[in-house]
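One structure below.
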Amino acid sequence: MTKKQTLTVAMIGQGFMGRAHSNAFHQVGHFFDLPYEIGLKVICGRNPDKLAAMASQWQWEEVSTDWQKVVSRPDVDIVDVAVPNVLHAPIAIAAAQAGKIVLCEKPLATSLADAQRMAQAAHSVPNLVWFNYRRVPAIAFIKRLIAEGKLGQIFHYRANYMNQSGNSSGKSTAWRYQKDEAGSGALGDLLSHVIDLSIYLNGPISQLNAMTNTFVPGRDVDDAVSTLVRFSNGSVGTFEASRYGVGCRNRNTFEIQGSKGRLSFNLEDMNHIEFYDATLPGNLQGNSKILVTGPDHPYEENFWKPGHGIGYEHTFIATLGDFLTSLSRKEAFHPNFEDGLLVQKVLDAVEKSAQSRSWISLS
Amino acid sequence: MTKKQTLTVAMIGQGFMGRAHSNAFHQVGHFFDLPYEIGLKVICGRNPDKLAAMASQWQWEEVSTDWQKVVSRPDVDIVDVAVPNVLHAPIAIAAAQAGKIVLCEKPLATSLADAQRMAQAAHSVPNLVWFNYRRVPAIAFIKRLIAEGKLGQIFHYRANYMNQSGNSSGKSTAWRYQKDEAGSGALGDLLSHVIDLSIYLNGPISQLNAMTNTFVPGRDVDDAVSTLVRFSNGSVGTFEASRYGVGCRNRNTFEIQGSKGRLSFNLEDMNHIEFYDATLPGNLQGNSKILVTGPDHPYEENFWKPGHGIGYEHTFIATLGDFLTSLSRKEAFHPNFEDGLLVQKVLDAVEKSAQSRSWISLS
Amino acid sequence: MTKKQTLTVAMIGQGFMGRAHSNAFHQVGHFFDLPYEIGLKVICGRNPDKLAAMASQWQWEEVSTDWQKVVSRPDVDIVDVAVPNVLHAPIAIAAAQAGKIVLCEKPLATSLADAQRMAQAAHSVPNLVWFNYRRVPAIAFIKRLIAEGKLGQIFHYRANYMNQSGNSSGKSTAWRYQKDEAGSGALGDLLSHVIDLSIYLNGPISQLNAMTNTFVPGRDVDDAVSTLVRFSNGSVGTFEASRYGVGCRNRNTFEIQGSKGRLSFNLEDMNHIEFYDATLPGNLQGNSKILVTGPDHPYEENFWKPGHGIGYEHTFIATLGDFLTSLSRKEAFHPNFEDGLLVQKVLDAVEKSAQSRSWISLS
Amino acid sequence: MTKKQTLTVAMIGQGFMGRAHSNAFHQVGHFFDLPYEIGLKVICGRNPDKLAAMASQWQWEEVSTDWQKVVSRPDVDIVDVAVPNVLHAPIAIAAAQAGKIVLCEKPLATSLADAQRMAQAAHSVPNLVWFNYRRVPAIAFIKRLIAEGKLGQIFHYRANYMNQSGNSSGKSTAWRYQKDEAGSGALGDLLSHVIDLSIYLNGPISQLNAMTNTFVPGRDVDDAVSTLVRFSNGSVGTFEASRYGVGCRNRNTFEIQGSKGRLSFNLEDMNHIEFYDATLPGNLQGNSKILVTGPDHPYEENFWKPGHGIGYEHTFIATLGDFLTSLSRKEAFHPNFEDGLLVQKVLDAVEKSAQSRSWISLS
């Protein structure tokens, strides 16, 4: 066995996403056959006490509270940005300028201008934006089925991402509910995933018309957003995101209807898809619930075996696994900062449309 | 248009089943193209007040409290028996001996001996036993799929019929909970349907081993019954019926697994089936939920159009419609008293097995 | 028993709806305790051959091809309009002017002006518009739960009505696909139901923004329509209707999310609702699938007993039963022509919005 | 932070289970707060090439093909047995006699005599049997709900564990299909899980009656097994396991019905349970699908946050986490070898019953 190259990581962030990323750094080598070893070099955050505990639990070698220093350390190969949205731009740009491989949480930025600067800065380095749901095996399988023509001409794309986190007064002090830290509410937090998946699965958006709503007086971010969409392929869509989606814990769901069939997905049941094959004889057509854990499903060879489901964390592992594989092969990886920028353009259009109460075209 | 022959009906019974049958007599001509008109001649029961109300609501021409007289009236063509089980035998036999067409509720009898006498008596007249669930369009479609070989070699037949009616003290005075009126409990009331459907769909039973249980002290009928079954075709099965099936209102459910697929049904969702096609590529195999309301499904031409579900009552209408069609064509109809007798043999074996705690062979 | 008053019916129309209505006239007395007998006096249509067969099968006393004569016959009490949309106005207005009780299929009209004239004409007579889905027991139960405050403050109303009828070339000659007969496509046919239910369950709509789409070149009606909605109660909604909803046979579905819970319904599974009670302890909150066939559910006393589902046709029976009960009690009935007019105002706003690509306010 | 004690592991086995266990050893410290570090000292197997690859991928320090030497090494604290069933006894007994902590895959043994010797040998050391499904958070939550009395008096326990692995000729050479390696077929492989969960959730089994079936001529293990069961608490049950359960990939499912409600689970949808609360008003009773990922659900504090599902591997992590926590607190842990022995007694009774075609009592 040849000796593997070690890639060292500096992770900026110590919250929930930091945990999910830490796990991915540990696990990627167990499930993907890579020419790299990952070194968890340094974790960087604002709260020293929490940071020490986090470093201990996830075996980070060092801690730091100074991201500026960390991102340019010569013993760091990868900078992973998992902090409140408003900090994505300065950290990611600094890391890119220092020549680091840059991984960044979604949404890429809190403004279109920032996203553009980030995409430009990252041009010269390998980069990734953590739209992790593209690597849910079930969604990757849907991508494959569409590519194979299983849906024919697409008519409808209908998606919503709902949780009920807003429907309780206690949570409102978190950074995700503050405009100056998060940039937006359900829009950047939830709709960004909807947008990325829609582009991934159904191609570019040509026009949209949106409304946003805030149910709690005084809150400065949106609680909910709804959008009418026209895609370049002639299909029409509706998108919604809400933190007042009572009855939902993490319902990232979509359905796509085409001349040959229908496909749907719900993140709360992430190991399944529904597929309606409209090319079958009429009396056998039905919504088929397929367990996407093999055989012949994406990531089957990486995780367990047919019938043995995976969980939330595996979407990060698979994203990282594919990124590192691409890196070793010097191939392009998606979603990268350019993909994050495309999503940001749509987010920007949604905000503009809601404000101007009019249709916005995306060139 | 040629004038249609009128068939007059005497219905013995004024309870829930009487209502379901009355409806079928009214409706059959609306949904089936028949050479007969149905005349609702006389309804017969024990409670005169209820009888008058029932006759008025369902447009029966006359009422009577004397079934002996009624069954031999020359102006009656069909005698329909919808009374407590213990009365099936005397009434049906008298009607058959009077040369009437005889329709009888299930289970055919409260003993194997009675059932045998009934089947013999009915030999000379057209006859039907109301195992109405064979005519749920979804079940008739399952029958067709199996006949077409869609399941291949059958391995497993798993069925249970559950409600929670026993789990409340109030109901226990009804005749269905009295041995002298009902003959048995869940056995005759619920398991009889399971047995009839299993024979209809999977062929003869060769051996069985059963246990019964009564959860309420002092009750003289079974509350629940469970059975291991071997079928003549080499498949194995489990049957259950219970009035303590908490969480179920009317769950008559089965699943059948064969070398080429799986089919399942649940009466609480009676317009759907699930079909798993194991001949598809592995990555497309899934449980497909098919709405059995057309196109190309049984009874599609009789009821509404695709997507427009039917209800409980339609199983009686379809049973009657098929019976009258067979009558006009002088063709055999099933389920008839012989089929009811086959079920009674299995019910008898279940009781014997539970008592003797041993396997019973059915020749 | 006192003698019942007979109400005689003239039905204009001989298609699918005519069948559903005929059935309701026959069945209403079996399931509702009414002071009326219904006399099926005359059925009126354009095709004499089909008309005779229809009259025979459904026991209409007479046939006619001249609706003008029929609607003013002195021996007719009720005129029921079940013809292509464009004929609703002339027939219903003539019948109302002749002093008849008027029942009319939905959508009320093909233009706002017609609907206004109809509502005005019908002011002096008892009248009904066949938005039959209000009387699905499950939907009536949802109405009750909302009225009891089970959802708290409403945040989201999300509805779509989908079938796949457009996704096959053969159907396009039917009147429902012709602008001069139907007035619109999915809009009047499907979205009208969505709108009526939304007003029934969630109150007036204050603003909307819509897009329509026609997937088949040359077709002059909409195949699909999508709408952003603001309700007067502060909640936001999305509506969709499509004849290209592949995978759907008759999916009239909605979900409503409020501060205390979530309710949802799907017509393809019309005997169930889902209810999420957000006032339960967090670890017991879940989407509960409730079989709405009793106990203590709407129409339980009319149809069968708990666990015994009903079908499509029962929504017409229940609508008629409630209408006749209101009539006998001289009480107001809904939905009437005024309710139909409210829906028409929304349909009109949807068309205007789609054309002008702008938000429309409904005063 | 105090220095943690290191526990070193020798794992005997290099197959699918070895992978799942390796993962658990790596991950347990990330999700559980433990006073131990785990050292992956040595992995032992029969195939040197595969062993090297496995050791490399999962970071085992050493490899060995001689389990006898390994189990008594002084630098090993824990011996983990994940080999074909027939080898469980010699290895586990040797390890226990060497004073090691012993972890063993299920079923504990291939005979009751072996299981008894193993339980006896392990008496003096901490021990565990990998009935991992007890630690599915959803199942642990069901355990809690039952303990809280949410089901009242239990009437029915119905369980089956199905996959379709047998329904393809290719697999039959694997050790799981050989009597001399596996001891039995579906019985030890699948029904053992059913039995363990049933005892865990519903208490001791008092009597049973079973049948086994082999669908492939010449195979010397059972393909399917079905059992009637009486529990000591007065409830009745049916158990099934099959490798010919076509339509199932890994369906380990059960439902429990009691006087106050119903609970059910399906491993193919492992983050959900269904709960029917029969103490609610009748019109609100329904099967509630609860996503068991928090709040206030078992293992919520260990894994992610509400709405973020876990997968198959986490059941091993949670089992190990609880075991090590118990170890550090010197508390009893279950399931241990005694629990494995209880399951073996039932497996033995199942075999005896199937052979003798009679009821077997378990004292």
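First chain written, first letter: the chains are A, B, C and D, and each begins at residue 1.
The working rule: contacts are C-beta pairs under 8 Å (C-beta built on N, C-alpha and C of every residue); 3 or more make two chains touch, one makes a residue touch a chain.
Given the structure is predicted, the values throughout are model-derived calculations rather than measurements.
The chains in contact with chain A and with chain B alike are C, D.
Relative to chain D, the chain whose mean Cα position lies farthest away is C.
Between chain C and chain D the centroid-to-centroid distance comes to 54 Å (mean Cα coordinates, whole Å). Computed from the mean C-alpha positions, the centre of chain A lies at a distance of 42 Å from the centre of chain C.
Chain geometry summary: the mean Cα position of chain A and that of chain D are 35 Å apart. The multi-chain contact residues of chain A, meaning those touching 2 or more other chains, are 248, 285, 287, 291. Here chain D touches chain B in the complex through residues 155-156, 158, 160, 162, 164, 167, 209-211, 213, 215, 224, 226-228, 230, 234, 236-238, 240, 242, 244-248, 255, 257-262, 276, 278, 285, 287, 357-359, going by the rule given at the top. Against chain B, in their complex, chain C makes its touches with residues 1, 16, 20, 22-23, 26-27, 29-30, 33, 52, 56-58, 163, 248-251, 267-272, 291, 293, 303-314. On the chain D side of its complex with chain C, the touching residues are 141, 275, 277, 281-292, 294-297.
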